[in-house]
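Here's a structure for you.
Note that the chains are named A, B and C in the order they appear, and that numbering of residues resets to 1 at the start of each chain.
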Amino acid sequence: MKKKLLALLLLFFIGNFLAPPVGHADQWGVITIPPGKPIKIGMGTMLTGDYASMGIDIKHGAEMAIEKKGKILGHRVILQAEDDGCAGPPSVAIAEKMCNDPLVVGLIGYMCSGGSKPASDIHNKYKVVMISASSTALELTARGIPIFFRTCWNDKIQARRAAAFALSRKWTKVVVLHDKSDYGQSLAEDFAENIRQKGGKILAMEGLTRGDKDFTPVLTKIKPLRPQLIYFGGMAAEGVLVARQMKRVGLRKTHFMSDDGCYTEKDFIQAGGKATNGCYVTYAKEPDPEWVKEFESKYGPRQTFSPQAYDAATILMMAVERVAKKQADGTLIIGKKALRDAIADTKYNGITGEIAFDPYGDRSGSVVVVYKVVEEEGKRFFKQMAF
Amino acid sequence: MISNLLNPEILIDQVINGLTIGGIYALIALGYTLVYGILFMINFAHGEIFMFGSFGGFWALTYFVNRGITGNHPILCVAVAFLVAMVVSSVLGALLERIAYRPLRTAPRLAPLISAIGASIFLQNVMMLIIKARMQVYPDIIPEEFLEMGPVSISYFQIFIISGSVLLMVGLYLFIQKTKVGKAMRAVAEDREAALLMGIDVDRIILITFVIGSALAAAAGVMVGMYYSQINHMMGFIPGIKAFTAAVLGGIGNVVGAMLGGYFLGMAEALGVLFMPAEYKDVIAFSLLVLVLIFRPRGILGEVVSERA
Amino acid sequence: MQGPFFKHIPLKAYLAALLFCLLLLPPIVGNYWTQVLGDIGIYVMLGIGLNVVVGFAGLLDLGYVAFYAIGAYGYALLASPQFNIHIPFWMMLPLCVAMAAGGGALLGIPVLRMRGDYLAIVTLGFGEIIRIVLNNLDPVTNGPRGLLRIDPPAMGGFVINSPARWYYMILAGILFSVFVADRLNNSRIGRAWIAMREDQDAAEIMGINILKYKLLAFAIGASFAGIGGAIFAARQGSIFPENFSLMVSINVLCLIIIGGMGSIPGVILGAVVLIGLPEVLREVQQYRMLAFGGLLVAMMIFRPTGFIPSARRKLEFREE
């Protein structure tokens, strides 16, 4: 046993010498793309499992942007998408994979905040930039990690805007539901906070279980409270069931409002049938119809975050183009700090609206838009509300 | 919230909600219990059989809608959808038994469990690739109507699920008690080797058991699809776990117990919400399970027999 | 264990050579695979622990993740900015073991009378209860938003924060666990477990205190998960209730059965296959879990007793 212990001690000393190397030309080191090699854009998103459709949609958005761009300074751009399972351990493993790949310039992702939080620490260690299209947790940007950006907004921005809309309609007796996830609960709590501050009343706040199908028990429970509005923080899978079952238990006069997780034609409007008429959701600016047409002809009906992923990939590629220095033999030298600064400086009119980043990496350009599900001329769709 | 308990209207509503949820759990739980009664194995992929059944019905209904024949014969279309779903699930259940479980009949006890878990993951992903991971929407061919009885209103779907599941269960019970095949099933469950000696084709009986369990799960699948309207490849996981819980609660291997367990769990979920915040719903359900098993370690109707882990 | 040609080479020499190879791995395979090896390593520790409960004592436990969660949250709550308590990792380690063992005993008491699949479902429920409570106790655990900025272990100025350093740390943990498990298996306690597993009633008649040995199995099995959880939390730096889902318990159970129940080399091989395989299958992207599920079925059909079944168990199963 003594020998083993000795060996172990030795090992820790070996470990000491394995610290990551430090670069020279750029403060954070450089990425070198040799001639003939592609520029890789990493991606961490959910490709199998519950929310795979959302993850694949994100992948398609980025894929389309990259195909459109074609080449940067003579180098092919390829997307390397990995299944992050919407969770910590796989996201961290992917982060190690991407950050140690010499051809990866940056990453789009991770899909869920639960993956982005631990993975951003790894990215920060190697100083490889990441732009998430869908991680909305406040802590991600509040931590002061310089390499994290996102093209969606954080929960606070969306909740504040949704609450302002509700109050403008004089809906002051509100029940708040959420799916007990990082995303849904943060939104719901921020929403409730905003309502309370402005003199509204939160009658009840309840957590649902993701993956459940029957929410009639909890809706029956809140029925006698006679709320004017039910706000739901979460995804379409559960949101649409809440909207439908509200009608079922007899909450017929209560309004329903939800977040960008419910902004999906197929999973919300179609799945909910007529019960979703009159429901409100918040989302970014409606993407350009031409873009939607092009996207849908390629990949089928779009879901939620593909435009954000498209913008994220475009911003990353623009920044690479700006800072990459082409050598005589075609080698690209990309300074990591320079790349990060270029992204931070972004002023870009994306398909989800004006995009610029505040010092924390949050979006500062665009405003949250409120939509209502309406039925006009036999068609049911999200109609933008004047607000 | 205690005032809710004193409100008869809310209480009646919750009981109806509980019976609806419980009926579905019970139908799925029967599949677990039937297989367990004969093979002593947990068919972990049963939730996926339920999921495939739901899709079988979905495909049938979508086909009818595209043909434009749902308007004239909505009831007939639904009946055919149930039939298609049952066929899909039964074939799948039989295949599963042949491919993944039969080779393991003499293997150590936990080997079939792992094989079932593998099959479950495999089937989830097969469906994910078929539907490209998108949520699918059940065609709304029968509009939802409500039966108004004073302050209480019940959806006809709820009435259909509650009565449909009871009918199927009564049918199963009679089948097991009265028919020759049912008698053979009971014999195999009692003692497989003795049944073999009595001239019962054990392989056939096991296959039939899988087929029946799968068909019941398929019925539950179509009901879920019609009632909740949206289905996807992961829809079998949670009901699978809950139904398994229900089966154990009632005394696994016991057919009546599985039904009781299903209703018990459904009611616990519906009524539990009145006492506690909704996010503790599953905590209530599982705590009740532990409590029941502490006092009756073999489930509500389970028999006391010595058995090894 | 020993092949016919190498009979004269002692087993210890093989193990030493294997260990030496393992020590050299991180610089050769790079950071990504070192990270994956670390993940596998944590599962090896979990596997060794669950193997005590399922493999040695024959108690089917589907809620093993609860103890992993207790270890992880125990460490994270007392070594993060959450309450501004920063107890050093090395002091927390025994505490996490104690907490997990306590949890194990606590679970053990109500389920003492249950057998087989009843036990399985109650432990499954216990695992779910722990996860849901962690997710709902927002003031303490931060709920689904998780605990962030968990302290990494440090010795003086030396901080364990890179995949390679963690690899060695986890390797040390595995060596320790293997040592303990091996000793247990060949001890009086281990033999009592086997007797209990093979026939509880007969064992009781022979004077084995079933109550005590069942509780011991749960507590000792859980303590491995306690260590694993603390390592997991410190290594990932942030933890979320969703990291402790039922799938973790199922994975650990799968890996000990694939490896060969009751055998420690089996557990290690099982973890390498079960946790390593999905990483290798990343190449096939969306088909990844499909292939994984199919392979799981195939493995069971072709090797129902697992890759390296325990020698003792092999003899026992001949009767069945």
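In the analysis below, a residue touches a chain if its C-beta (ideal position, glycine included) is under 8 Å from a C-beta of that chain, and two chains touch if they have at least 3 such contacts.
Keep in mind it's a predicted model, so treat the numbers as computed, not measured.
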item: Both-way neighbours, i.e. chains that touch subunit B and touch subunit A; value: C
item: Top-ranked pair of chains - ranking by C-beta pairs in contact; value: B-C
item: For subunit A paired with subunit B, centre-to-centre distance based on mean C-alpha positions, whole Å; value: 36
item: CA centroid of subunit B to CA centroid of subunit C, Å; value: 32
item: Residues of subunit B whose C-beta touches two or more other chains; value: 125, 128, 277, 279, 282
item: Multi-chain contact residues (two or more partners), subunit A; value: 48-49, 52, 56, 180, 207
item: For subunit C, residues that touch 2 or more chains besides their own; value: 135-136, 286, 289
item: Subunit C residues touching subunit A - in the complex, by the definition given at the top; value: 19, 23, 26-27, 30-32, 34-36, 39, 135-136, 143-146, 148-149, 155, 158, 162-165, 168, 171-172, 175, 236-240, 242-243, 279, 282, 285-286, 288-289
item: Touching residues on subunit A, where the partner in the complex is subunit B; value: 48-50, 52-53, 55-56, 180, 206-209, 211-214, 216-218, 220-221, 223-224, 236-237, 240-241, 244, 248-250, 266-267, 270-273, 300-301
item: Subunit C-touching residues of subunit A, taken from the complex the two chains share; value: 4, 7-8, 11-12, 14-16, 18-20, 47-49, 52, 56, 81-83, 87-89, 92-93, 96-97, 99-100, 113-114, 117-118, 121, 137, 139, 143, 180-182, 185-186, 207
item: Subunit B residues within the subunit A interface of the complex; value: 1, 3-4, 7, 10, 13-14, 17-18, 20-21, 125, 128, 132-135, 137, 140, 144, 153, 155, 224, 228-230, 232, 234-235, 237-239, 269-274, 277-279, 281-282
item: Contact footprint of subunit C on subunit B as seen in their complex; value: 36, 42, 99-100, 103-104, 106-108, 110-115, 117-126, 128-129, 241, 244-245, 248, 252, 277, 279-280, 282-283, 286-287, 289-290, 293-294, 297-299, 302, 306-309
